[in-house]
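Some structures are shown below for you to check.
Both complexes below contain chain A, partnered by chain B and then by chain C.
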Partner chain A sequence: MIEHAFSAAPRPAAVPHAARPAVSTIQQWWVLTVRMITPTLRNGELATQVIGSIVFTVGYYLPLKQLMGAVQPLSSYAQYLTPLIVLQAIWFAAVSAAFRSATDSVQGINRRFRAMPIASLTPLASRMTASMYRCCIALAVSVICGHVIGFRFHEGVLYAAGFVGLALLIGAALAFIGDLIGIATENPEATAPLMLVPQLTLGLASVGLQPVENFPDWIQGFVRNQPLSQWVYGLQALAGDSTDAAPEATWSVLAPGLVWAVGCIVVAVVLHARVSRRRR
Partner chain B sequence: MVSSDKAVIVDGIKKSFGEVAALRGVSFEVARGEVLGLLGPNGAGKTTTVNILATLVTPDSGRAVIAGHDVVSDPAGVRRSLMLTGQHVALDDLLTGRENLLMFGRLQGLKKKVARQRAQELLEQFDLVDAADRAVGNYSGGMKRRIDIACGLVVRPEVVFLDEPTTGLDPRSRQAIWELVTDFKEAGIATLLTTQYLEEADLLSDRIIVIDRGTVIAEGTADQLKERTGGTYCEIVPAQPRDIPAMARALGSLLPDTNRATLSEASDRISMPAPDGPKTLMQALHRLSEADIELMDIALRRPSLDEVFLALTGDGVRAGGQDRTDAFEAADAYA
Partner chain C sequence: MTVTAAPPPAQAPHRPGGRHRMRRVWENSPRRLIPQTWVLTARILRRWSRDPATLVQSLVMPAGFLVALDIVLGDGIEKVTGHSGLYGQVPLVALVGGMTGAIIGAVNIMREREIGLLARFWVVPVHRGAGLLARLTADVVRIVVITLVVLCVGLALGFRFEQGIPAAIAWVFMPAMFGVALSAAVLTLALYSSNTIVPQATEIVIAMLMFFSIGFVPLDQYPGWLQPIVEHQPVSYTIEAMRGLALEGPIAEPVLWTVAWSAGIAAVCAAPLAIGYRKASKRG
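Take a look at the complex of A and B:
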């Protein structure tokens, strides 16, 4: 073995002699998922997520409680408002997903993964798993915030599970869209406005803050049918109310929201495949 | 079947991006333990070539085989055999150096314990122990490049692509990477080196190919390429520049017409081919001293690889289409 005089020089042992081990897709998926989650614990991303949910609750509930609490049909404004807070929190989580996927694209680590023995869908699967982790945090914190201001599940465990399931499905749809925006723009700075502008405009022009009847006639059609409102209806129905005023958890109430969520996922997956193919 | 001593076989690969022909039939081979320098101006097709060999881009036609695996029909086999490291460091900036090494070790199938062991070895070998537990985002350029390459060595590659590995590095880090290339050679790994530094290609490469406008325009050792662009020449500097015309007369048949034609009022020296090396120099010296011309300097020179490169590829302004290829390659590089 040659001894190099230069101290910083890597020794010949830099090149291992052992044969390559076989790779495992499950292990790769897990390693790539942990890679996304580890930094959230120390760079403030997790804290931001938690604080975000609290800020949405305080920011909507306190100022609007008197103003809009009086014109909504449910037993309390907390019961009416919490679905929107949940949706804003999981949307906020999807902004992080967009930022991370854009960062990966621009830093070239995706290129490196593609030249390694890793199945082409594994990095995406890991990003989605990490997104669902953020989504679960956002959902848990915002439901706890809702509970503090007076939100309750009135329809039993099954419907509460349905509430969680619908919220996670919507979270997955938003995360897919976020991931797509990140991949397509390859620009981390551009992802936040692209995600936040629709979040705020759809949030304000939705039935989450006040019933559709309180909007001017000309915009009522949009307010009622846009996805965020349909998701609010679905979540309000699954949470129920102490009165009979909550929407009934029937297919006609739930289906539009489900179709919006599944539709978003299908469109995002197709566009995702197209963006990836464009780069071949 | 592929003969076992060739780690890389490239046979007439072509690739177009829309209207732009990035590669128009590129062929070369790299043996195990050999370093092949890949030179060419920006937009010549170097990055596209590397991307095709790394299975990032599919060729339109032609064949490329890496360590016995075809890039089109067996990309998985290719990916198991190669290490790709680029001028753009591709790591997770949010993770520490050690975490990056662990991640790549685990992605390559190492067990947790082995991956941890290997990470420690590589940190020591690449002189990064002190920085091991800092986020890579805070590393200096040289440290980033070292950890980037270390991440490619968690398991043994058969073929290494070094894409401008020392661009922007300080001399110390550059030296470390040069020594690493020697290690690859000793370990029997084939190395494909693209670089802008011709001195580096000259020093490290066993053979060099020059690509321009999507085709291989020259191939050989650095010496062969130098020979090809004129070989050794003799440079004569008079003490008084006004003696140049008298010198040209005195040299007579030694100075070919083409060299004579390049002389002007502003010339302060004469360059001419020296086909017989020192003998030509002696003859020139003899004739000039007979003509009683006082010299400041007379020497035999070999063209530098830079001159070879300019002679081979230099034809003035690049066509607009080349810049477009560049843009495509840049987009690819980040994909």
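Take a look at the complex of A and C:
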């Protein structure tokens, strides 16, 4: 170092500043997003996404139709169950988000990105875009599956759009949590099982399968207030029913679900910032 | 005295061609297989026991899942069958816990192939079967541990063995039988693919085996056309055998079917698994 300073005139920089190409954040984001999305078309990820949504639909509907169909208030069990199926499908999409982010972390490509002239949030933004793409597919497939078993939107286009919007917001929250788990554990092996079992546990202990009155007294508080149940209430309200038994789509029904989703995103963002700062 | 008694310096007989200087045991001799498998198994188990995510997945999550399953479906099943739903749910959760763990092993082997560890093992004189055998042995240990954890939670919820101690011991090892066959299948899949499809495809298979089994809801709750499939799939047979071993019911027939399913899957996977492992070890 010191020798260098004494030796001669400063060396010319390897790449002159003027010769550096201009970087466009939008273009970088697009390139990184395409990097995540293109392989899904080739390696079967898209296919597993579609099949997964179908499996969750028939897996809940066929076995539970008789057992639970009699105790739910809506006109058909399909109408009652579909919000939960949608949630399970977008959770399943978040599992692959977690897997991808853990793979990226462990293979060191995130570190590589940090050494390049890329805005620090661009890789995260592109991962989230790819997650939302998976989420949209999961939502579309599960709504189609629901339609096949007898689910309908009864409240018109506006409420159907609200249904989609709420589902996408929840999908974003879950994808953020998945991304956080992937980055924090840096362990692709553990991400899938780590997210699958809460998915099934919270799914079972929610109002998506049967009304809260059918649970034992001591756990009703948890079942009613856990996020998945509040999201189910919101989605059921926005989908409506041919009878009047569906919850009304009022703010008092929708707000807790929205708060849960936004709260999850906020907490995940804070933890995300902390984890990525630790890594730096 | 001491000088003369000192062991002679290593006197390796000169063997042209660089043969082994140590005992003349062929590297693929069965005498090497067991100790080497044990070393490699211990390596995998030690890694798992030090990874918090694996521990949470194997020990905490199945417990929570069993409690949720019992709360949601327990009453309904008891109304329909007259027995506590636990006799189907405890085996089901043990099986699901064991099967989701197969994903851990699969992703693990893919990563060790990428970083070249498998190739490293291949160039040292290790028995050629030890690597694979160690993975399956570690899976057996993992599934038995998960079964014991789930059993403890089940006992707390009201599950009891009514057929005596030998049946209870057999009960503990039943999930491992099908679980390890499924692990072999998932490992085979992992060795022939290089992308993220393995965990998700496995998850889908596990979800299907779980939803359409007699441990989820009783057989007569399924639509008529589905009942034969539900009745004859391996998870249902394992659960039926375990119900027989714990509560009442046939034992011999479902056990035989479980063995047949496991042996069938193992037989189909054996050759591709060995070839795939050899190929993965020779990469790079």
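The rule is simple: the second predicted complex is superposed on the first by the 260 of 280 C-alpha atoms of A that agree within 3 Å, B and C clash if a C-alpha of one lies under 4 Å from a C-alpha of the other, contacts with A are read in each partner's own complex, and residues count from 1 in each chain.
Note that in this section contacts are C-beta pairs under 8 Å (C-beta built on N, C-alpha and C of every residue); 3 or more make two chains touch, one makes a residue touch a chain.
All of these numbers come straight from a predicted model, not from anything done at the bench.
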Given the touch rule stated above, what does A:N43 touch, chain B (first), chain C (second), both, or neither? both
I'd like to know which partner A:G263 touches here: chain B for first, chain C for second, both or neither. neither
Is A:F56 in contact with chain B, with chain C, with both, or with neither (first, second, both, neither)? second
Using the superposition on chain A described above, determine whether A:G108 touches chain B (first), chain C (second), both, or neither. first
Taking the superposition on A as described, I'd like to know which of chain B and chain C A:L32 touches: first, second, both or neither. first
Taking the superposition on A as described, I'd like to know which of chain B and chain C A:A192 touches: first, second, both or neither. second
What is the contact status of A:G221 with respect to chain B (first) and chain C (second): first, second, both, or neither? neither
Once chain A of both complexes is superposed, is A:V23 in touch with chain B (first), chain C (second), both, or neither? first
Does any part of chain A touch chain B in one structure and chain C in the other, and if so which residues? 39, 43, 103, 106
Quick check: in the complex, which residue numbers of chain A touch chain B? 2, 4, 6-24, 27-28, 31-32, 35, 38-39, 43, 103, 105-118, 186, 279-280
Contacts from chain C onto chain A in the complex sit at residues 51, 53-54, 56-57, 61-62, 64-65, 68-69, 71-73, 75-77, 80, 100-101, 103-104, 107-108, 111, 193, 195-197, 199-201, 203-204, 207-208, 210-212, 216-217, 221-223, 226
Report the residues of chain A in contact with chain C in the complex, numbered from low to high. 39, 43-45, 48-49, 51-52, 55-56, 58-60, 62-68, 92, 95-96, 99-100, 103, 106, 185, 187-194, 196-198, 200-202, 204-205, 209-210, 214-216, 219
Spell out the part of chain B that touches chain A in their complex, as residue ranges. 54-58, 76, 79-80, 82, 84, 86, 88-95, 99, 103, 106-111, 118, 121-122, 125-127, 150, 153-156, 172-173, 175-176, 179-180, 183-184, 186-187, 189, 331-335
